[in-house]
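Each chain carries a letter (A, B, C, D, E and F) given by its place in the written order, and its residues are counted from 1.
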Amino acid sequence: MARPVTLFTGQWADLTLEDVAKKASSWGYDGLELACWGDHFEVDKALADDGYVQNRWDILNKYGLTCYAISNHLVGQCVCDPIDQRHAGVLPPRLWGDGDPEGVRQRAAEEMEDTARAAKKFGVDIVNGFTGSAVWAMLYFFPPTSQADIDAGYADFARRWLPILDVFKAEGIKFGLEVHPTEIAYDIVTTERALKALDYHPSFGINFDPSHLIHQFVDPVAFIDEFAEHIFHVHVKDSRVQLNGRSSILSSHLDFGDARRGWDFVSPGHGDVKWDPIIRALNRAGYSGPLSVEWEDSGMDREFGAPEALKMVRSQDFTPSTVAFDAAFASE
Amino acid sequence: MARPVTLFTGQWADLTLEDVAKKASSWGYDGLELACWGDHFEVDKALADDGYVQNRWDILNKYGLTCYAISNHLVGQCVCDPIDQRHAGVLPPRLWGDGDPEGVRQRAAEEMEDTARAAKKFGVDIVNGFTGSAVWAMLYFFPPTSQADIDAGYADFARRWLPILDVFKAEGIKFGLEVHPTEIAYDIVTTERALKALDYHPSFGINFDPSHLIHQFVDPVAFIDEFAEHIFHVHVKDSRVQLNGRSSILSSHLDFGDARRGWDFVSPGHGDVKWDPIIRALNRAGYSGPLSVEWEDSGMDREFGAPEALKMVRSQDFTPSTVAFDAAFASE
Amino acid sequence: MARPVTLFTGQWADLTLEDVAKKASSWGYDGLELACWGDHFEVDKALADDGYVQNRWDILNKYGLTCYAISNHLVGQCVCDPIDQRHAGVLPPRLWGDGDPEGVRQRAAEEMEDTARAAKKFGVDIVNGFTGSAVWAMLYFFPPTSQADIDAGYADFARRWLPILDVFKAEGIKFGLEVHPTEIAYDIVTTERALKALDYHPSFGINFDPSHLIHQFVDPVAFIDEFAEHIFHVHVKDSRVQLNGRSSILSSHLDFGDARRGWDFVSPGHGDVKWDPIIRALNRAGYSGPLSVEWEDSGMDREFGAPEALKMVRSQDFTPSTVAFDAAFASE
Amino acid sequence: MARPVTLFTGQWADLTLEDVAKKASSWGYDGLELACWGDHFEVDKALADDGYVQNRWDILNKYGLTCYAISNHLVGQCVCDPIDQRHAGVLPPRLWGDGDPEGVRQRAAEEMEDTARAAKKFGVDIVNGFTGSAVWAMLYFFPPTSQADIDAGYADFARRWLPILDVFKAEGIKFGLEVHPTEIAYDIVTTERALKALDYHPSFGINFDPSHLIHQFVDPVAFIDEFAEHIFHVHVKDSRVQLNGRSSILSSHLDFGDARRGWDFVSPGHGDVKWDPIIRALNRAGYSGPLSVEWEDSGMDREFGAPEALKMVRSQDFTPSTVAFDAAFASE
Amino acid sequence: MARPVTLFTGQWADLTLEDVAKKASSWGYDGLELACWGDHFEVDKALADDGYVQNRWDILNKYGLTCYAISNHLVGQCVCDPIDQRHAGVLPPRLWGDGDPEGVRQRAAEEMEDTARAAKKFGVDIVNGFTGSAVWAMLYFFPPTSQADIDAGYADFARRWLPILDVFKAEGIKFGLEVHPTEIAYDIVTTERALKALDYHPSFGINFDPSHLIHQFVDPVAFIDEFAEHIFHVHVKDSRVQLNGRSSILSSHLDFGDARRGWDFVSPGHGDVKWDPIIRALNRAGYSGPLSVEWEDSGMDREFGAPEALKMVRSQDFTPSTVAFDAAFASE
Amino acid sequence: MARPVTLFTGQWADLTLEDVAKKASSWGYDGLELACWGDHFEVDKALADDGYVQNRWDILNKYGLTCYAISNHLVGQCVCDPIDQRHAGVLPPRLWGDGDPEGVRQRAAEEMEDTARAAKKFGVDIVNGFTGSAVWAMLYFFPPTSQADIDAGYADFARRWLPILDVFKAEGIKFGLEVHPTEIAYDIVTTERALKALDYHPSFGINFDPSHLIHQFVDPVAFIDEFAEHIFHVHVKDSRVQLNGRSSILSSHLDFGDARRGWDFVSPGHGDVKWDPIIRALNRAGYSGPLSVEWEDSGMDREFGAPEALKMVRSQDFTPSTVAFDAAFASE
């Protein structure tokens, strides 16, 4: 479909936006998906300073890049999570404050509303991100866990996110949850449950990313076909199962990049994601937005991988057929 | 090896010990592994009342049953866990108290020490159980989690359990951790880490149960070969992976028995555990203790399953060879 | 569930009913599913002769057997099929007549209505069978075949079967289509299409038989879960895929029993059907009717196989759980 | 072997030959395999009008293209088939006539003889195509079907095609049957049966196309090794099995391109065909003719796919070794 | 087919024949296949002492056992092998002599001729065994090995064995080579080559044993179908592939029973041999001789395994069908 | 890592060094790994003639090529092997002499010492090669083979190679054994045994080549992780398992390139080796030496394959990551 290919800047937040833009442009990317951390896209500055937004575009334009979406995973994560010290590492001090969990959650919720406002001001209509979850950690159901326990988590999610989504709706912005373990939705069953919990709020949808489904053994194509109309944005990211009888699919509390893990993220094209069926499914779904490379591979130099990934995506992003073959075959 | 086959009473705690004993005996079991909940084996009564212990044996003897181990999973779980309302459901009021987490953890630790003392008084030398874990819930490593975060969890485990294990050692009792998700050890890597955290305390070992490894794709034989000398007790329990592209191996916060889960517990012999190689590995390891059926299958009547499981185990528990075949073959 | 196990007499039509009854009884079957061919259950005689029906029951009673269903696959097949010489081999002369296709189809349709009436008179409420199909032979879609072509076949099916089913409904009898290649429904998609074509007529449902799904690679459990409420009867029959790179899954126009075929029917328990998940799915579906062995294996003596199959079914037909394990586990 | 790569024009019959030639040439194809439908190669005109043949070559030459074969699948199909309305869609009116089946079959047979004559006049020595089959539709063997029934179909095939093939022989032209479901030969067993039915007529051979074997699970390499000397021409076409437990390998009477099918055609390189072993097998067979891309993929723009397929073929078509490695290794 | 089931005594040569007979009889075996080592069947004594043969039968008769074959693997091995010290361990001193290789080979050849004579005298018509091979050790083809090198080995085999086989023929005895690595034939290709080397000598055939094919990944059914008419005797023996990424299919020069091997022999029913298709293939081949259990499992007590294996074989040895199902199905 | 890519000249020994250098240079290789046979690198001349070494470099330099290693597989093979006529084909007359086995072994051992000296003089510090083995041919353990028999083989290996390795050490040269069937080490278990037999001599290590592990089903990554510090050099060579139920993994004494073999060598990228995980493992191991293409494929023109292989290697040889993704992701 000749969809635009963008680079998500989240894994490049140690570089300035200008440095990332320069690299992405030289590799041939069409645009950037800006992370709302590092200096790439700062929500507070965008709202406070009219020049800030223009400056972001000036940098993008300088390198011939466009932008379709901004992403605020880290703040979104804090909206529903039980808060612990790890969250301090992903928030700016103004949001962490004294670290009191409920205070953190509320400031995070307000920041997500502001993110919608900033996106509007910036001129993109998609915000991707995470939601956090009050019940993710109850995953294994021991001590014995009831559906009432889990229902409470989805109710908490709805209670906290519906007001945020109403702001999104008012601003004309869509929120794409990256379906992902640790979030309120991480597979087909829980995505359905999350959508229902929000009564299918029109501003809430999915940032589809197959790398989080592969190690759960969920078929990305089944996911797309199930939620076709709710897919707002697409991440190109890959992961690989590396089971050998000694490693665990739960990955043993080991760091990404440790070869003893049961699965890991790898550069797009190096993992178990099969892109051809995904492109077909996206074509069926009528998705015409960007394919945004979220590049993460703890075993590869990102400057080797990011251009290679772009090349892979371009070779895979084919247009659907406009011909009925029987007709062509039989034409007299 | 003609190992004795026992029935673990944990899943029968809704029945009296006498009822369980009567059933198990009629099916042909050699003995029971008594759960320290329900009325099966009450630690406080065992220590307080000399007649209690005798009464337990009277019931067992009446049905021609023996006992090699008692198990206290529920209390053990509370030693290291972050405590939430679900723990109230698995503890007696005297241990839950006001529910203050640290208080619960300390009372649980004391109860585990008492469990060793009660085992000694009862005349068995194995206590099986869980440990809980301060870091299990950090499983996915997002928000970004460091090895220092995890090391802290193992240090907490060692700090809380070493005093307990010293009581075990003093009483001549061994503690067999059932390696299991939600515990400090759940696979090969984390079992090694847990053993090291305790500097290989001689009273700490493993209650081997393959059903918890299958859905992690960890080979039970590799596990036994790795930790042969640390296996104190064996559970016969089975589980089955039921992936179809729509289910997740993480099982979607669904109840056991829900067909949409990616795996589930099933009656021994109905799942993916291959018992023949396990028997061979146990033979190699020199394990001569009981094979204890922990029967759990949300889709089968337990009164159908428990005798069937016994029959399966007896058919599998073969003795190792005492003949060198080349020698026999070549004998002149 | 202690479901009754019956033997379908269709593959024993070379024997008298009395001979089949004697054998089935000696092997321990609970009853017979009577084929409406051979001398087992003759529709015309049942309607014409009051003593006939009693005589059938006398034979069954003599051997302690019951009956839950009669089956009329051969006549049903002729209702929608394009008729060729092969159909002459499966019809009595009174139905074949002059062999004019439309005449055959109409006489077959009337006979199916009579079959409902005969079932009523006989005192069973299930008739199993086939429907035939005007479009089965267009399977491969070459020459180019349109959905309009196929729709016409489903319309023909509805036109011919709705009047028959109205008779079934009036008589209080259910018709269970054995979903099967050569029929209007042979997999999940076509079963849905057939049900819709009849607007979900209440007298039309399924005689579930996994052996016809296995070689299509359709998961029998997915089928049951999809159509749980429409399953009226169950056949226990098995098949096996035997691909080796030289055989074709389409089986090369070779006879059943030819080892060069890509799949074949085999005695229950010898094939690729996994019965444990099917029993669980039937338990979920609330199916409490008979498990009826349709024994067919071109490589095995049926007198060896039929009793072996019964033993297999009895060992598999377990009752669902009535215990919530978490509750039992945690009981205090 | 640096075999020439041609594009089969059958799926481009909605375009004029000149349009197809222009495109194929611009993508780098060496030549075209002309379909005898659309305006690409009209048998009647070729025989009637000497300028017609020259004109075809003029167009090819203008774009630097060559031609090794013409193909007449649609007419060939009608030689043995039971004729129904679908055949009207693939024949010109002069051959369909009044649609009386036997008349259609005879006119089709004559047209195939003319096709040989036209090929001779055009200067190519291969005609590819289909044969049709009187017995294909009896595939499943229900109603019960005997080998005598099938033998009759092969006898009909021989009776109808031997006279045609004698014309081919007289003209020095070879007929390559594209082994394919719906034809007299569709796998290894039936190809052997078809060859025998013709007593191995020297003008009858195979247009090898792996895409029709893949979904039957027949190994294309086994096919080539079995029939090496009978392979007259090669199609490069791909297909993919897409089973998920809900789809059927029989594809549910669904259109090509419907994601619910159990298999589908896809652009060469995107399916399950493994080209490397096929190239090796063709090298073993000594096949040095063209590799002709039959491009069909209902999910991809053909203008994206056709040049991509060419590139794939060129990268795969390696020359066999001329060195004995042991000799080279050991050379002193 | 109710084939008799015998126990091969080769792995019980540390026991007297009487002890083996007593055990086998008590387990329910029908007979013994006597090894020509240990005291079970001594060729020299059989020929020298008329009472010896009677005495063997007296022991068998005492325990109600029969005998269909004797086996002389160890001596047969020495006919073609390059002789090294290991051969001294499998030969009696009278055959080893001074150990000069050519002398050993010639004495072994004479002993095989005597074995045919002894079989005749004993009243059985099958001798099973090995042949040895001059070229087995050249397996990997490095240093570079030519087909001329291998042809020389087959010529040596023919030169040494044809005279032996002529004695077999004269005595009316058949020799069944147990196709096996280390022998002149070990798979399908080499069995064909061996048969051709002997120009299909009528006294030379196969003692079929699937356990030697499994770890080569050769399909036992393909083997039987290929050599149906040459199968003189059948061994029931099982083996298992146990690859885990660290073990080698070549088994690392490790002892049988070492868990690090890539494959191993296991008790029949515990390995990868699928018996159902083998029984079908033997039925097709018309084999009606004994199924002889060659019991070897370095991880299991043979007294546990031998009766279990008998039970497995009896449950598998079904009779072929005598009914044409289509006929029965359609019977009117 | 931008490792240099070299071409091993062993399979090009029918060409002069200059011809090979010209070709390799034109394809883009960085250097050559010189075989000590053909005229590529002659050990005796290198030691005898100072100009010889310079001349080799002159040729390399002329084509812009470098050299990191020389290889002497053929002579090394003769150090431990039982010598037969095949060895005459791989040795020059001066080493074969009268062919007396022990004399050949001793001359081969001396030549290996000279090879170290020649490497030193030539200015490379790696010699790759084979060792031979006295016990390889005992692979199958029949006739019954004891660990004492095998231990004797490893002792022989140590006795013969330790003096050679001491010369290597004195010269500062490392010997890289290409782990390979027919050698003293061919998998993980035997490599460990070989290293121990030499008490981990510092000059003895591994020339890693995955193609020899694939058909043993040994995971190349497990091999690298196990022996990371002992890997001195790396061969890029590929092999493919081609099992179909009729072929044997032992390959039936058939020539390389025969399609009936169970496995074969193929051009890198065409086989079962997965290069991405190997590159990651080499990165973990800190290996920074050359990737040397040992090109062998009996079914492909080497002039097609060698440049294709180079392109494949360059595309795979990625640099490891220098970024911690969590850090980048979370950067504020």
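The definition used in the following text is that a residue touches a chain if its C-beta (ideal position, glycine included) is under 8 Å from a C-beta of that chain, and two chains touch if they have at least 3 such contacts.
This structure is a prediction, so every number in the text was calculated from the model and none was measured.
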* Find the chain most remote from chain E, comparing centres computed as mean CA coordinates. => A
* When chain B touches chain C, do the two copies use mostly the same residue numbers, with over half shared, or different ones? -> different
* Longest centre-to-centre distance from chain F, chain (CA-based) -> C
* Structure fact -> Rounded to the nearest Å, the gap separating the Cα centres of chain C and chain E is 46
* Structure fact -> Taking each chain's centre as the mean of its CA atoms, chain E sits from chain F at a distance in Å of 39
* Approximately how many whole Å separate the CA-defined centres of chain A and chain E? -> 63
* Structure fact -> chain C touches at least 2 other chains through residues 74, 89-90, 141, 143-145, 219, 222, 244-245, 256, 326-327, 329-330
* Asked: Given the complex with chain B, which residues does chain E contribute to the contact?
  -> 10-14, 37-38, 74, 89-92, 242, 244, 256-257, 259, 265-266, 270, 296-302, 304-305
* **chain E residues touching chain F - in the complex, by the definition given at the top** => 74, 77, 81, 86-87, 89-90, 135-145, 147, 149-150, 180-182, 186-190, 193, 215-219, 222, 243, 245-256, 260, 262
* Enumerate the contact residues on chain D facing chain F in the complex. => 219, 221-222, 225, 276-277, 280-281, 283-284, 318-332
* chain F-facing residues of chain C, complex -> 244-245
